[in-house]
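Have a look at these structures, which come just after this line.
Next come two complexes, and both contain chain A; in the first it sits with chain B, in the second with chain C.
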Partner chain A sequence: MFVMGLFWEYMKNYAKTRLTYRADFWIEVLSDLLFQGLNLIFILVVFQHTDSLGGWSQAEVVFVYGYFMIPYGIFNTFFNLWSFSERYIVKGEMDRVLTRPAHNLVQIVLENMDPPSLIGSFIGMIIVGISWSQLGMPFELLDLLIMTALVLSSVMIYAGLYIALTAVAFYSDSPTGILPLMYNIQNYGRYPVGIFNKTIRFILTWVLPFAFVGVYPASYFLERPGIEGSMAILTPVVGLVFLFIGLAIWNHGVSRYRGAGS
Partner chain B sequence: MSANIAIDVDRLKKQFRVQKNREGLAGAMKDLFKREYTDVTAVKEISFQIPQGEICGYIGENGAGKSTTIKMLTGILVPTSGGLRVNGHIPHKEREAFVKGIGVVFGQRSQLWWDIGVIESFQLLRKVYKVPEAEYRKRLTELVERLKLADLLHRPVRKLSLGQRMRCELVAALLHNPSILFLDEPTIGLDILVKTEIREFLKEMNQEHGTTILLTTHDLQDIEALCSRVIMLDDGRIIYDGNLTDLKTKWSKGREIQFQFGTQVKLPQLEQLTAGLEGVQWKLVNEVTAVLWLPMAVNVSDAMARVVVVGDIRDIKIFETNTDEIVREIYQTEKTPT
Partner chain C sequence: MNPAYVDIIRIRFLMMLAYRVNYYSGIIIYAINIGAYYFLWQAIYGNQEVLGGFTINQMTTYIAVSWMARAFYFNNLDREIADEIRDGSVAIQFIRPYNYLMVKLMQGLGEGLFRLLLFMVPGMVVVCLIFPVTLPTDPTVWGWYLVMLFFSFLINTQINMLTGLFAFFVENNTGLIRMKRVLVDLFSGVIIPMSFFPGWLEGIMKWLPFQAITYLPSSVFTGRTPISEAGAVFGLQVLWCVLLAVPILAVWRAARTRLFVQGG
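Presenting the complex of A and B:
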């Protein structure tokens, strides 16, 4: 409840600051959509040349992509932590955060919220809806509940991984460019993992489990046979484990925080 | 431990591990594979206790360990070893419960949100600290009146002058009525008017609400105006802990008395007057004015009694060594190896 109240307060302030720079706001929304749109076009182009990708039809791959956009949008809204190291460690703003009575990570998340990213999630939902009917799948209320649970689990995986990686800033004086690398790897989670070789499949499942953010949970609804479908059920477990690991690394990192300058 | 101790520090120590950078390109290459570290101890097992309602000044040169101590006391840094209790809490362990009872102002950094109006920052802080609406209103009205902020409340922080911002920072730190206030260089860069205003305000807060205040500063006027007690730090160790008067008597070596005579005086004549007094020294300023330097061991009245027999004295002035000089003296003597 307390966190929800804070969320609302920060949200109001975000709106106040952002509304003064309207053009900026729309440009951000637009560029976000353009980026997502290009990815979608890429899928469509691939299917101009082939009917199936490792046994997956175009509508199925688009469905996976649509699913992926939902947790991805939520993740981007709340874990906009790219500038964490510079802003909080180098400039020492962590000092301020640590002297306030709310969990430090909650404060940092709220201070850096980026609500326009949620538009991506909405578009994802629309894509899921369209391909759902294209595939002629029956729709039940239970599906909606399961989808919510799976999306939340996917967000937890994302959150856990990025919290852990952001926390590297507490351990290393100048964190290396590990985040961009991650950013590239995550894209592979949107495609059927069957098309990759064993090593990549293993990495996407157990090490950097981006497959759980796209193809695995989406397979649940597509009722895919084989490993994709059977992995879906593990999504919440993997989500909890990664979030836990991420938070543990974070909290340990905070205890090593050294402050900046004087 | 008695209940009215606000801050209890027991052999507190903080060690940082610093990476050694070797020189030149070859050194950098070596660093890439095998790093060398040195341990730097910023705070070396210091102990002190501050009772509730005290205003304590924490002084020392840059790098003496002041900020590191404050950051440990406020729960920002985790101590390497030693005991620490503030308001009955161990700061870094029960951080969220602990910080509700303290207020923090870092002179060099803002606690407020840069882009939104001051009042909006306060509202947000009210939510963060869970201050009830009625109490918040009452407190805000009081603080705004005291610090004369009514006109500034709706301006964004980035458009405030440093003095205005600093006063807003104080309000932000006090909205939740903390029992201890930590100030890290609160008057840095401010003009004399704002400085005085802030000092007055802090004094009032201390007297009316019994707020315990610990402040670090480089401006000894802050200390003279506010502090009943001074802790002086050098190279991570406490070199003095006591009140300001004692600091002066302990470290100042003497004082000066300036005499203005009605007639021309000569040095040997004056020296003869005070013959027998250990360590005194005369200096002629001009033909009729002379300065007598007295070590602490010699009473002012003794010296005066000797001199007044001359008869024709127009004026007498006594100069205490000022705190700045004393502190400079202490820093310098600490630097010379013992």
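Presenting the complex of A and C:
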């Protein structure tokens, strides 16, 4: 309840600051969507020249992409921690956070919220809906529940990974290169993993499980034969494990935090 | 030409050199991106020999050289210019005995020189070791490509400058800058070669400057565009370079009388 109250206050504050430059705000939302849309445009354009991508039809690949956008939008809304190291460690703002009653990670998440990213999730839902009917799949209420559970699990994987990587700032002075690296690796998870070689497939499944935020859970609904479909049920397990690891690394990092000094 | 410009190139180059460690991870990031598209294109081609005028080998080379060219020509001059306009420090630049636009171009050149020597060249070596890239054997292809690569840089920098200068007319143009970045990546051909787009869109793109940044030079490099046509392609680049200078100078002239600094 307390956290919800905080959430609402931060939300109001966010709206006030962002709507100062109203036209720019909308251009930014639009350019953000376009940026995500680049991969979708890629899919649509190349399918004019081929019928299948490693055995997947256009509607299936688009479905995977739409699914991926849902957890990705939620993740971007709440885990906008790209500048954590500079803002909280180098400038010492972590001191302020730690003197307040709410949990430090909750505060940091709320301070950096980016609600417009949720628009991406909505568009993802629309894409999923369209390709669902294109593929002629039957729709049941149970599917909606399973989809919610899978999306939440995917968000947990994202959150766990990025919390862990952000927490590296507690242990190392200049971890700058890691986050952009991750950001680019996650692109692989949006496509059928079968097209990649064994090493990449292994990494995407067990080390940096980005396949679990896109292709694996989406395969559950597509009823794909083979490895992709059977991995889907593991999504919640992987989600819990990675979120747990992320939080453990974070909390251990916070206990090591000594302030910036000056 | 003012000899100070040479020093501006040198200073920016040295500044970049101080942060060179950041660019080592950049090489890995570009290799990751090239890898993703390499596997995607392999799957797209499947059993087909030629798509959009490219063979699969040409496509692999195209992806590698296009991304690495992007590593060279990419810069943030648009944001730098917009920031200087917003915080008002551009006013100081007006009274200095040099041309602000030239200074920005020279800074871009210093950064480009750094990116070429410490990002693109080593990156290309790494990528050639990982992926089956076929480099051209004909020295004239290399010659043409290097000249065209320089013009890729010029045209991209001009587009950046134009976007940055728009900060004179709107209060906040970060959204515009991001929009431009998406457009350049999409229409320049880094992600999809122009010949893959549907006919009507390809028709429109032929009338835009973006193709001159990546698609035209990379097509010459991979051998899709025969070397006999390289001269015509280069002419198109030069034409765009000249054409783009016009709006930049016009905006610069119009802008000087209406600087609006926020809280400066």
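Methods note: the second predicted complex is superposed on the first by the 260 of 262 C-alpha atoms of A that agree within 3 Å, B and C clash if a C-alpha of one lies under 4 Å from a C-alpha of the other, contacts with A are read in each partner's own complex, and residues count from 1 in each chain.
As a working rule, a contact is a pair of C-beta atoms (placed from the backbone, for glycine too) under 8 Å apart; a residue touches a chain by one contact, two chains touch by 3 or more.
Small disclaimer: the values here were computed from a predicted structure and weren't measured.
Trainee: Taking the superposition as given, does A:54 touch the first partner, chain B, the second, chain C, both, or neither?
Mentor: Second partner only.
Trainee: Determine, for the superposed model, which of the two partners chain B and chain C contacts more residues of chain A.
Mentor: The larger set of chain A residues in touch belongs to C.
Trainee: Once the shared chain is lined up, is A:223 touching chain B (first), chain C (second), both, or neither of them?
Mentor: In the superposition, A:223 contacts neither chain B nor chain C.
Trainee: Does chain B (first) or chain C (second) touch A:259, or do both, or does neither?
Mentor: Touch partner of A:259: chain B, not chain C.
Trainee: Between chain B and chain C, whom does A:34 touch in the aligned arrangement: first, second, both, or neither?
Mentor: Only chain C; A:34 stays clear of chain B.
Trainee: Quick check on the superposed pair: does A:99 touch chain B, chain C, both, or neither? Answer first, second, both or neither.
Mentor: After superposing on A, A:99 lies in contact with chain B but is clear of chain C.
Trainee: Of the two partner chains, chain B (first) and chain C (second), which one does A:2 touch, if any: first, second, both, or neither?
Mentor: Once the two structures are laid over each other on A, A:2 reaches chain B alone.
Trainee: Touch check for A:184: first (chain B), second (chain C), both, or neither?
Mentor: Touch status of A:184: second partner only.
Trainee: Spell out the part of chain A that touches chain C in their complex, as residue ranges.
Mentor: 21, 23-28, 30-32, 34-35, 38, 41-42, 45-46, 48-50, 52-54, 176-178, 180-181, 184-185, 187-188, 191-192, 195-197, 200
Trainee: List the residues on chain C that touch chain A in their complex, please.
Mentor: Going by the criterion above, the answer is residues 21-22, 24-25, 28-29, 32-33, 35-36, 39-40, 42-46, 48, 51-52, 170-176, 178-179, 181-182, 185-186, 191-192, 196-198.
Trainee: Applying the document's contact rule, which stretches of chain A touch chain B when the two form their complex?
Mentor: Interface residues on the chain A side: 2, 5-6, 9-10, 13, 16-17, 92-96, 98-103, 107, 173, 255-259, 262.
Trainee: Considering the complex alone, what residue numbers of chain B touch chain A?
Mentor: Residues of chain B touching chain A: 16, 19, 62, 67-68, 71, 74-78, 92, 95-97, 99-100, 102, 104, 106, 108-111, 113, 115-116, 120, 123-124, 127-130.
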